[in-house]
Every structure is written in structure tokens, then in C-alpha cells.
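Labels A, B, C and D are assigned to the chains in the order they are written; within every chain, residues are numbered from 1.
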Amino acid sequence: MSLVKFVSREYKSENTIIEVGDVVFGNGKFPVIAGPCAVETENQVLSIAQSVKKAGAQIFRGGAFKPRTSPYSFQGLGKQGLHLLGKVRKETGLPIATEVLDVENFDLVEEYADLIQIGTRNMQNFSLLRRAGRSKKPILLKRGMSATLEEWLMAAEYIMQEGNKNIILCERGIRTFVKHSRNTLDLSVIAAVKKESHLPVIADPSHAAGVRDQIISLAYAAAAVNADGLMIEVHNNPEKALSDGLQSLYPDQFTALMGKIHSIHAIAGS
Amino acid sequence: MSLVKFVSREYKSENTIIEVGDVVFGNGKFPVIAGPCAVETENQVLSIAQSVKKAGAQIFRGGAFKPRTSPYSFQGLGKQGLHLLGKVRKETGLPIATEVLDVENFDLVEEYADLIQIGTRNMQNFSLLRRAGRSKKPILLKRGMSATLEEWLMAAEYIMQEGNKNIILCERGIRTFVKHSRNTLDLSVIAAVKKESHLPVIADPSHAAGVRDQIISLAYAAAAVNADGLMIEVHNNPEKALSDGLQSLYPDQFTALMGKIHSIHAIAGS
Amino acid sequence: MSLVKFVSREYKSENTIIEVGDVVFGNGKFPVIAGPCAVETENQVLSIAQSVKKAGAQIFRGGAFKPRTSPYSFQGLGKQGLHLLGKVRKETGLPIATEVLDVENFDLVEEYADLIQIGTRNMQNFSLLRRAGRSKKPILLKRGMSATLEEWLMAAEYIMQEGNKNIILCERGIRTFVKHSRNTLDLSVIAAVKKESHLPVIADPSHAAGVRDQIISLAYAAAAVNADGLMIEVHNNPEKALSDGLQSLYPDQFTALMGKIHSIHAIAGS
Amino acid sequence: MSLVKFVSREYKSENTIIEVGDVVFGNGKFPVIAGPCAVETENQVLSIAQSVKKAGAQIFRGGAFKPRTSPYSFQGLGKQGLHLLGKVRKETGLPIATEVLDVENFDLVEEYADLIQIGTRNMQNFSLLRRAGRSKKPILLKRGMSATLEEWLMAAEYIMQEGNKNIILCERGIRTFVKHSRNTLDLSVIAAVKKESHLPVIADPSHAAGVRDQIISLAYAAAAVNADGLMIEVHNNPEKALSDGLQSLYPDQFTALMGKIHSIHAIAGS
């Protein structure tokens, strides 16, 4: 890890605290970011947002620009999606987390987002990282699907070196030989990040597992390993979701989960 | 999963309950198996056993026959080690879990063990599986380092087909590209096993992580995903352990862990 | 593979032939692209280019924009590097292959390059793929470090769907648990690509292995599996290379390799 | 690699030459071991043996004891299978390579085999390795499905330390995330083994790929990386094979392959 500089514990020993609106990451709490994979309609996002807020989520997530394996899959609503996310914030007061796919749309996303997500496929899109480094908004940097810890921290270093110190790391599962889940959530990496870096690190069990039963378990596990928060997909109608329906929780499942997860985190983190 | 028969949920819908002495797996509790990697001396095993028992462990583990990558590493005390494990049971009342490496020593291990472990390297040692299938003692079947869920359940099928219905599965980490831990604990597999099979499944974070900080976190995570128990390495003097010292918890760490882990399991499993 | 359209064998049964200057890919020949990892100085590129041309290389490669894990590593000479590549073409007549990292610099790279490379870290940079799809120049699309065959072909589909039919695929090694090489060259994928797609596919053993001895062997292997060509790193002074020195062949090694590789390809491909 | 002793190049700098009957491994030649996955009937083995002998194979392979993932799959003919292999040797003069699964049947297999195979699932069955170390027959040690180079050489060390110096290593594909082939043949490991050890190392593309088209390519690749030989599955009636039919070559394919493979090896190895 010798080459990591600003990101390293050696450079800064105390934990970095990051504020997204009123929500704080890195201070020992366990904020939850929830919402659908993709923004689809005004009704959909408002309904989900009200539901997850009621259950205790503190940030709303939803994709307006979607990175899809196939060019023939739904690519997101783009600017219109951002506009709907703006409405969600206005109606619910929840800060918005949404993904940026490229430098071209960075200004636009930056205008609407409270937390700008750089996804797993872009973890080593260095131009995008540098642009994020010049943003005033906090960045949620997902781990690449087959990134080592060092490569991930180096990606954060690209951002930090340009001046933006507000980075939240997010573990979302790594690619393995396993067939019973989409990816394998690497929960060891939470302790490993905390040892090497002062940045907060959260977990996203939805993309890791891709299977509903497993996601709920892994969400509890993320709390148990003392991650600094959670990002999770919730949809009011998963069967009809335009993307990732199979891995979205029903609102009731999310509410049940929220009834337990902070207790687990409180025990593990004490 | 079409070929799994006796092991499948379809064959038997209710959870299988397995008794190891007075200790019960599969009934919603979270029994903990603890002890050193290898049996070294009488003092060592008795000291650790008393310490882990006091902290709440219900089964003592310790290897008399050790599967070591190198022929030049400590291979275990063999029969003498089993004898010392017998003393531990007599002194503490704790049932004994220990590994069997081959058919040749099966009778011997069977005589001393209350729970017979088949290790990750032997998960597809089919002759050993068949012999285990003819044992009256319960079997702890670790997942192979790169075994799919199907291969693992098929290994259990080999045992069950011979008549032994008492099998506890144990996830112990899979081989991945990751460098910050020895293996990657696959916690998704716990929910996946429970869906496909009626057998109880526990987790071993010590071999998965190989790094002390990560192990404690992963133990909590195992409770949080509602595993049916835990297997963990504890040593009274990890620095001088003849094997796996770096991944053994200090007794104080284990005691602290035991103070929290059942609470986490109770919340997650409710 | 049901979603791949323009890229699929079903859509177009005969092999696609791609011309880069006078060099032809996909017609049963085995053209070799050679040169240093990064453009460093005029002397360096001219010296290497003359040497590899003499040995039989038909395209010169060299990076002006370098995707580096660390922001503190040499990032390439940028526009000046492209200018030097232009000189190489003028002096030697060799077409130029060079990497583009982002949409911002696409026009610039397009101006200088005869074959535009999209690297492993950008295989799912969908904005970049779409821009490449609107280029008149042929594209060299490297496989992502942990991309499945389907994801790779889908990335090509993004390009093709925008109108650019001239895509050469390039296998460069996948991420595995292995420690004796940097990545594992997946030579099975060559036959698998040819079955699913009409596009030519070449191999890059330099990035796969990262170790000189292995690279020479793997280059022969690429010819033996009937790949449509080779991309390989050669440096006149590997010890002083600003990047990837350890994996660059010496000019003499390259010359020796070129003396054999077409014979191997001729036998395997007949 | 510090712990490998007898197996290391440091201990013995010149290549080890191993004789299996009249067939020599490690002297720069490329002997081919061919035959069906499993021995099924006398007609089957004799027919295949005559065919592969005519095409140039020098050793006949066939499994009498089969390590199968499922207990409900064909487990091999056992002793009767060995007896049929004995007939093959008598009729054709070809030496016999066959797998041993356990210590219990070692004496029996040893009686019939000229080359005793230890399979991928048993690479760390240390009791079996030790027994092999006390055999007078040469051992074919397959690499474990997720074994590092060090673990593999250490397994050979277990054998050699007991006195048997005649070990041929066999790369047979490693487990990766890849879906287009059963495993990924790691051809880098051939050069890596030769650097670390004096033992000969061959490749088995049949188990690596599991798909016929890919196998032929990978066989040529094995010759191109200068492996010390090849092991390959051939069946006279793959559609009706009791195991591994999909990955067995037709006799005609094998004959065509044999017409080219030595030429490739001669060029690459010169």
C-alpha cells in the first residue's frame, strides 16, 4: 500500500466524517441509502421514497443514467430521471444518491445529486475520477468487480489528489466462480479498508447477491462487520421493475429489515 | 440441484436437528465450537478449553492430524493428540470436534471425537466420505476451497447415502483473487444452503480471513446471516502456536466476542 | 447469448475482415502488433519501431495516454506522444495502434491512430464505446479483466450498434487466484468467440503474464489456438521503461519469436 | 517457494527424465497419453486403444475408479476395469495410465498401472501422496482445481520426500468465473513450473475446456508452450460415453490433431 497517500491512515489517522445533507457517514452511525435500481416514473419514485423514508432510510437512491451490459436494455430516463429525483428530494427531504456514467453528464448529475455515485464498471475510469475530484459534492466510489483493495484505494486517491476529500467507499461484491449468487460480498474488506484508510466504507448487498433472501442476510452482516452504512435496492413492484427487479426488496421486507439492522450495528460497533 | 436426493429440502422439508453430546445444531440456536488449530500440549489444550468454556463455547476443537501444505510443517500429534482431547472432554465436559484425514485413521478418530471433521481439502475424497457415511458419529463437512454449492451438497449426499444422516455443513471461505485476506467468506451461501437443504450450516471465519481483525467481524456476520453456529480458532499464546497463530484469537478477544454474538444472532434470527 | 445482434454469427455467418492500413485481420493470417507499453522519447519509439518492423511486425503500438492504477505513476506523454507516433508512421510506414482513455480525447487520438484501442478498464465505459461506434477508424476492444464472453461481446455490440463495424477483439488475461503470473490468459475464449461471433480476435500475452519467459510461450500458444493476430510489448531498454518494463521483450527475443510464430500459426490454422 | 526442497531447481538443476515403459518424459519430446475418461467395455477400450496407437499415442489412459461429483453417477468398473486395461496393454503394447482414488486400492492400481494418476480432487490428500511416495511406479500428479503453484509443488514434495522421484506434473485447468469453458487452462504455469522445478509437466486440455472445439486448440497450445507432453480424452462413441462424453474427441479428430501437434512442439521447443 506504499503508494496511497491522501487516502491512507498514515496520512490521516482519525476517521473522515462525511456529510450528505444532514446525514453523516463515518461517525459510528449506520445510515441507510435505499431506493430502486432505476428511476422509472414519478409515481414509482415518490411511492418508494415515502415508504423507505418511513422505514428509516436517510438517503434516496435511484439511477437516471444506467450502465447496462446490453445496449438493448433500458438505459435510464437521463435528465428527466434527474428531474424526478429532484422532486423526491423536494417532497420527502431525503438527499439524493445517483450514478454518473461519464464526464459529459457530470455537471448535470452534480446539479441534482447530493451524493454522486461512481459505479463498479467505472472504478478505473480515470478521467471520470479526476472530474469527481474537482466536484464539491461527496462521491460514492464503488469497488470494481475484480479490484484489489490497493486498486480501489488508488482510485480514491485519484479523486482526492484533485482536491475532493469527501469519498465514501462502497463494497458491492466481487466476481468469483460461485453460481448461487451474482457476486460474492467481500465482508473482510470492511475491516481491511478501515485499517488502511480513514475513509468511511459502506456495503451494497443487492448487487452482490442478486437474490432476495441472501440480500436481507447480507444487509445484517454488513451491520455486523461495522460498515459505515448500507445501500440497498427497494422497489414497490419488483416484478415489473425495468431493471434488477429480482434483487429488489419489497417495501415490507425493507421495513422489517430496518427494524433490526440498527440494533445489530449497535451491538457489533460498541 | 436435480441430482441431490437425501440432502435436499424436497426430500425432507423440516430442518434437520443434530446433537453433539448435549449441544444441538439446527434448532435456531447458535452453538460455538472453539479451540486451537492444533493440539500441542496438555497444558495448552486444557488452558484454552477452560477459557473458551468459561466464555460460553459449547464444543472444543483441536487438530490431532493436521493437513499441511508442506510436508515439513508440523503434522499434528496424531494419536497422542487424540488422547489429550480425551482429557479435555473428561476435565471440562465439552464435546470434542477434530479432523480426520484418511480412512486409515477413521476408527481411531471416531473413538475420540464427538464431531468428526472432514476438511476443505478432503471434501471430494469420496472414499473418506463413504466411510463417514458408515459412522455413528455426526460429521462436520467443510466446503472445498473452490466448491460450488452443488458440489458441496453432493459431497454430503455421498455421506448420507451410506446411512449417516447427521451432517453439519461448514462454510470456511473460498479462493478468490483477493489479497487482503486468505480466503473470502461466502456468506451468501448460508441462505442458499438453507434453501436447497435441510442440513444445518455453520461458518468458520478463522480459515476464511486469516487475519485477526477480520475474523471478529466475520464471526458477527456469521451470526447476522443466521448461520446455525460458529467454529473459531482460539489460542492461549498465538505467537507461539505451531500452526495458524496469526489467525487465532486471544482468549480475551474470544470472551468479548461471545458477549455480543448471541445477541446479534437473536436479532437476526428472530 | 440471445441478446447479441450485429456481433453474432447468426447475424453474419462469414468472418469479418478488417483492414488497418494495408494490414488485414480475419482472413486467416496472423498479423503482429508490437511496440512499447508507453511512448517515451522520439529515439525510443523510432528505435523500437525499426527493430520490430525488421522482425516482421506489421503495426506499431505505443501508449500516449496511459491508464495507471496510481495517479503518481507516469501517465503518458499525451498529445506529444501521439505526435511521436505520427513520426513513427511517417518514418517506417507502420500503421499505429494506440489507446484512447476517454471521450474528451477521442478526436485527438482518432486523428493519429490507425487502430484505436479501448483498454480492459474501459470495456464497459459505455459512453466511450458509443463514441467509438461513431468513429471511422477500426477499434481494438480489449476484454475486461473479469468480463464474461457475453459481457465482452455486448461491449462490441455497443460499438457496432452505433455504426462502426470494424472491431477487433483482444484477449489479455483474466483475473484469477493465481500468483505466478499477473493474469491468466484465457485461450479457450478464442474458439468460443469464433463460435459466437464473426469478429476477429487476437491475443495479448504481455499483459496476461507480466513475466517475460511466460510471454514468449503464450505468444506461441496464441498462434496455436488460431487467434487472428498478436499484440505484444517490446522495448529497447526494458530495465529503464517508464511502465511495464518487466513484461517487455528485448528486441532480440522478439526477433527470435517472429522467426517461429508464423510457422506455428500456419500449422494450427491449416 | 522457500520450503520446496527435493522438487526445486535449486536442489537439482537438470531436468528429471521419467520413463513409463519405453516412453520418456522430460527429454524434450512430447509424448501423448490418450484414451477414454472411463473404462466401459472390452470392445470400447480395445477399439479406442488401437485407434489412438495408430494415430501416434504412446500411453493409453482410462479410469477404472472414477471420482464423480455425484454418488449416483457411474463410478467406474473398479477391478474389472483394471483387468480390461491389462488386456489393452497386452494387445497393443501401450503402457497404461489410470487413476487411484484412495490408499485402500493403491496396491491394486499399482499392480496394473504403468503410470499412476492422482487426480485434481486428491492433490492435497496427503495420505495418498505419501503412499504414492512409497510406490515404485511413476506418478502423474494433477494440479488441484484452485491450487497455487506452491501448493502443487508442495504436493509433489510429499511424494518425493517418501522416496519416489518419478513424478510428472499435469496442468488440467483452474476454476475461474468463466462460463464458456468448464475450467481455464493455465498455460503460464508450464513455464513457471519449469523455472521452479526440474520435474516434467504436461497438460490436459480435455478437463480444462470441457468443449470439443476448444480442446483441439488448447492441445496445440500445450505443444506451443513447450509442455513435456499431453493427456487427452478420446472416445469411439462420445455420445454414449458413460462420463465426459462432451469433452471427448472423436478418433478422427484425434488423428488429425496428432498429424500437427508434434510439428508445433518441434518449432516451439527448438
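Simple rule for what comes next: a residue touches a chain if its C-beta (ideal position, glycine included) is under 8 Å from a C-beta of that chain, and two chains touch if they have at least 3 such contacts.
Just so you know, these numbers come straight off a predicted model, no measurement behind them.
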The chain whose C-alpha centroid lies farthest from that of subunit A is chain D
For the chain pairs C-D and A-D, which is connected through the larger number of C-beta pairs in contact? C-D
Distance between the centres, which are taken as Cα means, of subunit C and subunit A, whole angstrom: 34
Between subunit D and subunit A, distance of the C-alpha-averaged centres to the nearest whole Å: 48
Nearest whole angstrom, what separates the Cα centre of subunit C from the Cα centre of subunit D? 34
For subunit D, residues contacting two or more additional chains: 146, 150, 175-177
Across the complex, what residues on subunit C touch subunit D? 146, 148-150, 174, 176-181, 184-192, 195, 208-209, 211, 213-214, 217-218, 220-226, 260, 263-264, 267-268, 270
In the complex, the residues of subunit A that touch subunit C are 3, 5, 67-72, 101-104, 121-122, 124-128, 145-146, 150-151, 154, 157-158, 161, 175
Residues on subunit D engaged by subunit A in the complex (per definition of touch): 175-177
